[in-house]
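Same chain, two partners: subunit A is paired with subunit B first, then with subunit C.
What follows is the complex of A and B.
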């Protein structure tokens, strides 16, 4: 392996990246674009869930209950239904996502404190909206009962100051407002920074398709030298994104960045080495760009999305999948990114993940060199 | 010139999935020879050159280049060989000079020599005025000359050139061959494949490939001589009718068409010329010219290929 050979290939690749417009756009702007789109798509808060009400009680109390539920922005009263058939039809046509059925005797049961006879039906094809409505109605009901109880006690001459059974005070650390963006965006950043792996996966097939590989293979360059020469420039370009993307996240989404940027930069370089080597394994296995693209999606992007703990906690994965997760550079990098962004932890906490990334990088490079043959056929 | 064998090939064979592209090739090329590989498309010329450049695995047989075993020491041979692929295979988005530098570095050309050598090669290839131009924006002929310059940058002892002049205009083709002749005089061993018979004529030895086999291997003169008899060239207004009339006349072995002229291989030129002339006049075919002409590589080649195809 000769440093001069590696540098010659690296310089050639850099020229290629900056002179070929489509490659430049792919490496420099796709991560930013995907981050913006996904950050907006994934952090939309649920509001205005349409609700149908079937009120068999038709009392003052039941009407007050419904008014209280639909007072805010969370749940909107879509319609009062006449019967169950109408409820069914509203749900089937998707006009409402949840329905509330109030049995007759609601007012009487409230009076005698027997528990409220209500039924909630939700549309299971859109569980987020349905569950949100259930939570909201349950909260409203609790308040409603408490108010009614306090009124009864007061009229019986008892002061109603100690009605709360528990005095819970929840403290949320690291993300005090529990804003989903603060949690999801660092995860997304760790994902989009791995995108140059795709370009690396395509680079050998690109040379094969353009015929340049034939001339390249006729030179005495070593296999590892050639592969490293092709990985290194993309680490450089990836590091431009490591500066650009957190800057964007902080300026645009007002994400807090509590750790050391130098540490983030350094660990990102190790991550890029690991994930780009993984892209190179795909690159040496596939002969055409189309095939390399397909395999990249299969083994880099989908697992990177679903198996790195960005959206689904690692602990909830089946045992076999957890092992596979550990072989993905994104898994370790997602922990590093979140750790540095939110609690702002340092190397004392993150070193095991940094070591894992370095090990994966060396392993993937070795694997790529093992599979790569300096032959055409 | 040194007569020590430079490339020794024994029963070289390469199979692809369904076809045997190269079939038991045997040839020995001495140092300093300019060896031309000719044959119809699909004869196995490109596969042979790729095998010798170490770009394909050998299925059977062996080859030795400069004493290195091609099967086990392909990487050790590469610094001594300059290989030029048939299709343009340089980096289109790099400039002329950047391409040259790239290959110079991969072939470990000493840094101190690099600038001087690049300048000399660009001058040699007539590209000095286009140093900064991207390879994508060169003409076909200039691209071929740049590819040759990149192939020569490490001063290889052996050149493997796969149809280096295909798709190049006649003047560039002549210039390219002047360069090759100069390298030949300098003592470089050259193995070049070509579809052009006038180029084959400039080689010191020619190998004719057909269906993966080397069917003839000799000097151009002796290959021309294998063409038995003599050649009569006929130009007629209606050459198709003339072709029909001449076919089957006594003493006529073969008729080949070249554009609108007919090349007729006969046993005895002086004897058959008046007979053919009379036959055409009797058939009322307007004869423009008829003469006995020396046979070229091309006629010999086509005649040999026809014999091969006939079985």
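What follows is the complex of A and C.
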């Protein structure tokens, strides 16, 4: 295996990519572009959730309660419904995401301190907005009860806070407002950096499909050298994106980057080696580009999106699934990116994940070389 | 004309059978992937690592720890003796939440007007579990509040119903994750299958230089396009049926509305995505290019299906853009028919939008193909 030989394959591959400008631009920028789009879409601020109200009580107290709930920007009064049928229809049509039903004894129950007879109904098909409305209404209800019963409580010699005696203080570290995009965007880097792996699978199958692989094999290049030469340009593509993406995330989306950039760059290179090796395995196995693409979607892209703990926490997955997750380079890398972006941890914390990435990379490369020899030996 | 189209379809199927991996992946791949992904992700957020620093060590604090574990969100609490352990575990991402119970917790609980304190630290480096932990903790706090209030004000628990609103979730009574994640996952896999397959239709022939051969034969551009489209539609629709059966039987996603209506609309949606794929196919010179364009288009569409973030919370410009994304309307239709049991009377705006988009993209696609082929 000589460096000159590997370089020759690399140059050939670079020529392939450079020959066509639109391919070049797409290969170079698709990862960053996709991340940019997703970052925009994740800039979600739930506000103005439309709420329908069905008020059976029609009292001064119930109207004050509704006014208090819909005062801010969080929840908007969409309509007063006449009956349950109207509530049903509004929820069915998706015109409201939550509905508030106030029972007829509202004012009386409140004054006699029996409770707060209200019910919130939310649309369970997309529960984010509904859950948000529930939290908001529960908070408003607390304040409302405190104010409404202040006089009574005082005469009974109890302070107003007594209705919520537990003083729970919640502090969130690393991401004070708990904004999902602050951790999902770093996590998604592992997904978009998987795109070059699909390109690797394609280019290897490309040689088979066009019958040019035999020509390459007739040259004095060793098989491992051929494989390495093929992935080097894509490691370059990946590293370019490794620089672009944090730059965008910090400058444009104001996501904090608290760790060391050099460490991020270095570990990203190991991740690229691992994930591109996965692409090699696929590319070596398949004879046509279409089949290589279909298989890469099944084993690299979809699992890299859903099973790496970016959206759904690893801890909550079934035991057996966690094993599959751990065999994906993206799982370890997503932990690394989040760790470097948010808590800003260093190698003392991240080394097990780095080791796992290296192990996976070597294993996949060996697998690719083995299949390669077997198929063409 | 039909005979000629038929011969084109036969040619496509010969291609497919030469490389049987491809149809196998396209057909079974989607459904089995959905089974795996659905199995992994369709459960409530649970089993989250929890740390407790109990400085009180009383019956009351132990009871609190048990209640924390009983929320179902956390696994058995790991007890530690100092803040340093919590800080270290937080840095390492080993815990989602840490609860500190102060030394005077039980005294404050027992006194008539005391305010028992609790200090909670959430690990914001992963927001999904942190938000679930926050919800569980707030729910527990209001339960404890109510218990204390009952005792202190000497209220009758039979009479007192609490000052917290009761909650009902419609269309998904148990708030099962599978009901809102698996339809979106199905949507993504279906879209990518159809887009990819359609996008390779012409780019493959062009890359391999066989497009010229096809053009010298006595086929019109419309015939070539239909001949290319039929296998994609057959594979795409079969894939959809398999995946629908999968989420229905494996994840108990109900079909509350009309199944025939769903099938008709699914077919229509496939045609729209097919037309999009055809446009990609003729503007790409190589399969590599076609693939990269599919990634861009497919991922953009996916953001508007409500999987990662609700569309109604997005910036206004993006909410407006969502109207032009077929997948957005399709997911509204899919969720509506499956979960809400709605029919055309409610869904017509989305159906109309889908038809309009289909018409525009279809005409655009046909003109594109014709220009590229003539």
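As a working rule, the second predicted complex is superposed on the first by the 352 of 377 C-alpha atoms of A that agree within 3 Å, B and C clash if a C-alpha of one lies under 4 Å from a C-alpha of the other, contacts with A are read in each partner's own complex, and residues count from 1 in each chain.
By definition in this document, contacts are C-beta pairs under 8 Å (C-beta built on N, C-alpha and C of every residue); 3 or more make two chains touch, one makes a residue touch a chain.
From a predicted model like this one, the values you see are computed outputs, not experimental measurements.
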Partner chain(s) touched by A:244 [first = subunit B, second = subunit C, both, neither]: neither
Subunit B versus subunit C as contact partner of A:375, first or second or both or neither: first
First, second, both or neither for A:291, with subunit B first and subunit C second: second
Which superposed partner A:20 touches (first subunit B, second subunit C, both, neither): both
Subunit B versus subunit C as contact partner of A:77, first or second or both or neither: neither
Which superposed partner A:4 touches (first subunit B, second subunit C, both, neither): first
Which superposed partner A:366 touches (first subunit B, second subunit C, both, neither): neither
Subunit A: partner with more touched residues, subunit B or subunit C: C
Subunit B/subunit C common contact set on subunit A: 20, 210
Subunit B-facing residues of subunit A, complex: 2, 4-5, 7-9, 11-12, 15-16, 19-20, 210-221, 374-377
Interfacial residue positions of subunit A with respect to subunit C in the complex: 20, 22-23, 26-27, 30, 33-34, 37-38, 40-47, 49, 91-94, 97, 100, 109, 113-131, 134-135, 137-138, 141-142, 145, 156, 158-159, 161-176, 178-180, 182-184, 195, 198-199, 202-203, 206, 209-210, 286-291, 293-295, 297-298, 302-303, 306-307, 309, 311-313, 315-318, 321, 324-325, 335, 338-339, 342-343, 345, 349
Subunit A partner contacts - residues on subunit C that touch it in the complex: 19, 21-22, 25-26, 29, 33, 36-37, 39-41, 43-49, 75, 90-93, 96, 113-131, 134-135, 137-138, 141-142, 144-145, 148-149, 152-153, 155, 159-173, 175, 179-180, 185, 188-189, 192, 196, 200, 204, 208, 285-289, 291-293, 295-296, 299-300, 303-304, 306-310, 312-315, 318, 332, 335-336, 339-340, 342, 346
Subunit B to subunit A touching residues, read off their complex: 16, 50, 53-57, 74-75, 78-79, 81, 83-85, 87-94, 98, 101-103, 105-108, 147, 150
